[in-house]
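What follows is a pair of complexes built around chain A, which joins chain B in one and chain C in the other.
What follows is the complex of A and B.
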């Protein structure tokens, strides 16, 4: 019995390690020259869930989503709002079909996200930390 | 007036349609979505265990469920076109086909408006807009966006206004640690409502004014809302009674009188747990309608792709006092008592997110009340004992 539980706990630990490996370290970024130093989690929720798209500098925030495939988008919303993709889809169906805000733009690749953030004054995106180079500023990261 | 408005709407749709043809599609920005065509719908079947009172989704439906399975109360289909007109403006048209006040499924223009975002804080929409007397009311037909098969009829049932022609304004600001949003709207109803089949009530020209305040803080959303309706026509009780009842008992008149809808709502949404509750009150100037109070609470806990939920709703109304003394007051009182409610509902069900943008729902409603609780039902209320169970299945989708 004790042996079984030891096996189980080792298995559990392994699963956790693998899980940690799968989970990307996602960070929220803006153009380094945008003048935005940091954003609170609440502000990023307001921007990405379309509640209030205004940056601290006063300009309109233009959020962009990572492609559906690849898992970074799912990971972002899990960390940001503890919501899975189907809940986010249902959320946007409500806002979209009641004529409110549109969802964030949808990128086809991670490089499009980077291009959008660098090419638009209000661009806000999220990336795997390793993709965030000197041209962007990390304004929010999620504690592990 | 009606033709004039319809013509304006037609011109507007034509303009939007023709500009769609010229919409730039070769935009290089990532998925900039100048023009989008999307849709949503529900295929639902439901039945009750009563052949007397008929269960309806809301009072815009002339007939409801009986003991045989029926797809009419929940099944609908909608398409929506969005056209971006520059960085701050957008045109939107939505068509919906559903079971209507006249028993047909003729498609209706449910939304057709131009929106302009003056600043990130302030926006205006002009055209045909969905009514939002209560929280979530403007998306109550979008099954995919909702947890339950339908919004609780005990609460949303008396709401026969789906859309209006007018404008609304939205304003947002940071307040404390949260976000405050205010909305104001005003317009004219172009709709009709079923009365006692086959008689319908033309609401065309009724004036709608309302607004609400939302406060978002972390997982909480709070709302206070109020709406006022000024009716533009009498209830068709003269046709029903085959008597000039509105003249004989002037208190039954509703033309130029007001109905006031007040509500408070709260949503708590954190991780897998979601709880929403609302309390509302409807007051009528005219004693032709009973004033009512209603409330509901729904809680769900997501387990993977399943979101089981449990709900409770209740509605109760109180009759007004007729002061006219005469031989027809009794008849007027009887007619007014058809707007009486006194029942509650327990709802159990689950949503299952089968695929991306597809959800299946199964739901059971147990309605318990007094036999005179008539207003939110159709059919032969006189024979009803006040008790009813409803079984529903729905497939919701968005594309």
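What follows is the complex of A and C.
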């Protein structure tokens, strides 16, 4: 693992040099049994930012965010919509008072995200690629 | 001259007719036209500007709400969209806000109380496409803002009023500049020049001063031209003065010639008339009497010609002065009628007098009035073969001080053609040259009558029908006078009176012409007076100093010592202070008479001497009160 971690740290260093805050390889996942094969970037934007929360199968999508503290959430929105966390927060703040559209659920840990995806029929989440196991299906990944 | 004090401020020269006023008027008119154009253009362009201002403002508003609108459109949030729309409406520039997400209307808010004119609004509407907040190229909706036309109007009006204000100030400034410039460069130098010109005496060599700094301007040119004109004027005046001197010299020569002629003719005339009279007194046969009558008539005619020529030349030279003595119109007319009664009767023409309401005494020159009237009446008698001559006198105007009289002489004579009428009153003209041969006359009578009437403040004229007769008239303005004193009693026999009271008294007659001396001696001896004679003034003075004379007849032009000087010396002799000295001269000009009286003479007789005149004057002077 030390070999890997060393590689990773080099990679991370490279990524840091090349991408700034790119820390990890984020992927969007659903329950492998949900029947959803792929989601486009636009579909993911619609689901996570509250425009259209239906999966291609017709099931209502239930998105969940990674914890605020981790770098993953920022990484995700950066990759998805080229937005800062602050911008995303501001966005939700505008919608907060009208109350019609809610932000995705807020997970307290990465494992809670995984649990939400596996536990709900329309669950959609994002993980670091390494955390995505066989129970989930990667429906969108961001090419470097 | 140009440096004279100007008490009047130059601004006072802005009269309603002045250059400054007119220029300002034209400037104002031009400016008003230009201003109307400018305001019109401003109104047009300011509309564009107002639209631009509104558009910019609306764009700014849209910029501030853009991300919220994006959000609302992205999620299709009606409430949020409405909230944004209402926020936009809180700006007065916005009339209506429509927010669309795709095909669906999220919000459509409209300002309350504003009226929307569809065409106007849609033309100025601002539409902005709304992109997805997350996918840059994706258009997810649009916002449509309709600006408030009231605000646009407000901006336009503000712009127009600003433009108008600017124009007003410009106008005021330009006017002030123009007025100042005009006054400085135009009005002041011109009015100074005009004032200087007013006081300039070009004949004294004065010229206009060149206004400072105007040497090359139009005003300088004007000044030069005026000075040039003054030069020309002065030389013209000099030339005319010279011409006048020449003319005056010529006129004096003419007068002197006339006086000389008059004198030269009167002297021999005195001989003719005097001798005829003496002959008549000596007793003649009837045939000789007729010859003497003819001689008398011829002499009278010759004398009247001389008198006419002399009168006319005096009138034309302006040397004619009228006497102002009280007289009666009745006796004047009666006298004229009496003079012509005989010739009229001889021709079988009746002479009628119509003396209207005219009476009382007037002040004027009866001798000249009589002369004027006689000219008419004698003409009328002359040119009338049968019928009548009517002498008519009427009053045209009357006031307390004066009366204008009209004298009219109507005849039933041959009449005058209109062509001849035109030339009638001109000197040396008769109706026809053949007239002179048939009727005689100098042709000066009518001219003299007209001149006399003019001198008396009136006029003269005539109207006539050929073959029916003519009417000649003249008017004269005469002063009213007090009642006449006792008129000389014509009934007194002067000769008898002289014989009775003064027979044997000694008279001195002074003349260088022996014929004249002889005539005077004979005439005076006829009334039993003793006569001494002297051929010149010096001898007269010598005789007067040895003898005592009751009266002296004195010729004027004599060798050695003339009449004037002799009189002055005789007056110095003891006992001669009041002795009657009577001038006896062929000089018939009024100034001669004045000169004689000034030298101390008592009266003035014109040659040729008629015994009746001579005796009348002598009797009057000898019988003077106080002697």
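Heads up, the rule we're going with is that the second predicted complex is superposed on the first by the 122 of 144 C-alpha atoms of A that agree within 3 Å, B and C clash if a C-alpha of one lies under 4 Å from a C-alpha of the other, contacts with A are read in each partner's own complex, and residues count from 1 in each chain.
By definition in this document, a contact is a pair of C-beta atoms (placed from the backbone, for glycine too) under 8 Å apart; a residue touches a chain by one contact, two chains touch by 3 or more.
Note that the structure is predicted; figures quoted are calculated from it, not measured.
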item: Clash-or-fit label for the pair chain B, chain C on chain A; value: clash
item: First (chain B), second (chain C), both or neither touched by A:50; value: second
item: First, second, both or neither for A:118, with chain B first and chain C second; value: neither
item: First (chain B), second (chain C), both or neither touched by A:107; value: first
item: Which superposed partner A:64 touches (first chain B, second chain C, both, neither); value: first
item: Partner chain in contact with A:96 - chain B first, chain C second, else both or neither; value: first
item: Which of chain B and chain C A:42 touches, first, second, both or neither; value: both
item: Contacts of A:80 with chain B and chain C, given as first, second, both or neither; value: second
item: Chain B versus chain C, judged by how many residues of chain A each one touches; value: B
item: Chain B region in steric overlap with chain C, selected from 127-135, 235-243 or 325-333; value: 127-135
item: Contacts on chain A seen with chain B and repeated with chain C across the two complexes; value: 42, 51, 82-83, 90-91, 94-95, 98
item: Residues of chain A touching chain C in the complex; value: 42, 45, 49-51, 80-83, 90-91, 94-95, 98, 100-101
item: Chain B partner contacts - residues on chain A that touch it in the complex; value: 42, 46, 51-54, 59-61, 64, 68, 82-87, 89-91, 93-99, 102, 105-108, 112-113, 115-116, 119
item: Residues of chain C defined as touching chain A within the complex; value: 67-68, 71-72, 74-77, 79-80, 83, 132-135, 138
item: Chain A-touching residues of chain B, taken from the complex the two chains share; value: 29-33, 38, 40, 78, 80, 82, 90, 92, 94, 111, 113, 115, 117, 119-121, 125, 129-130, 132, 136, 138-139, 142, 144-146, 172, 174, 177-179, 181, 216, 218, 270-272, 302, 305, 353, 356-357, 359, 398
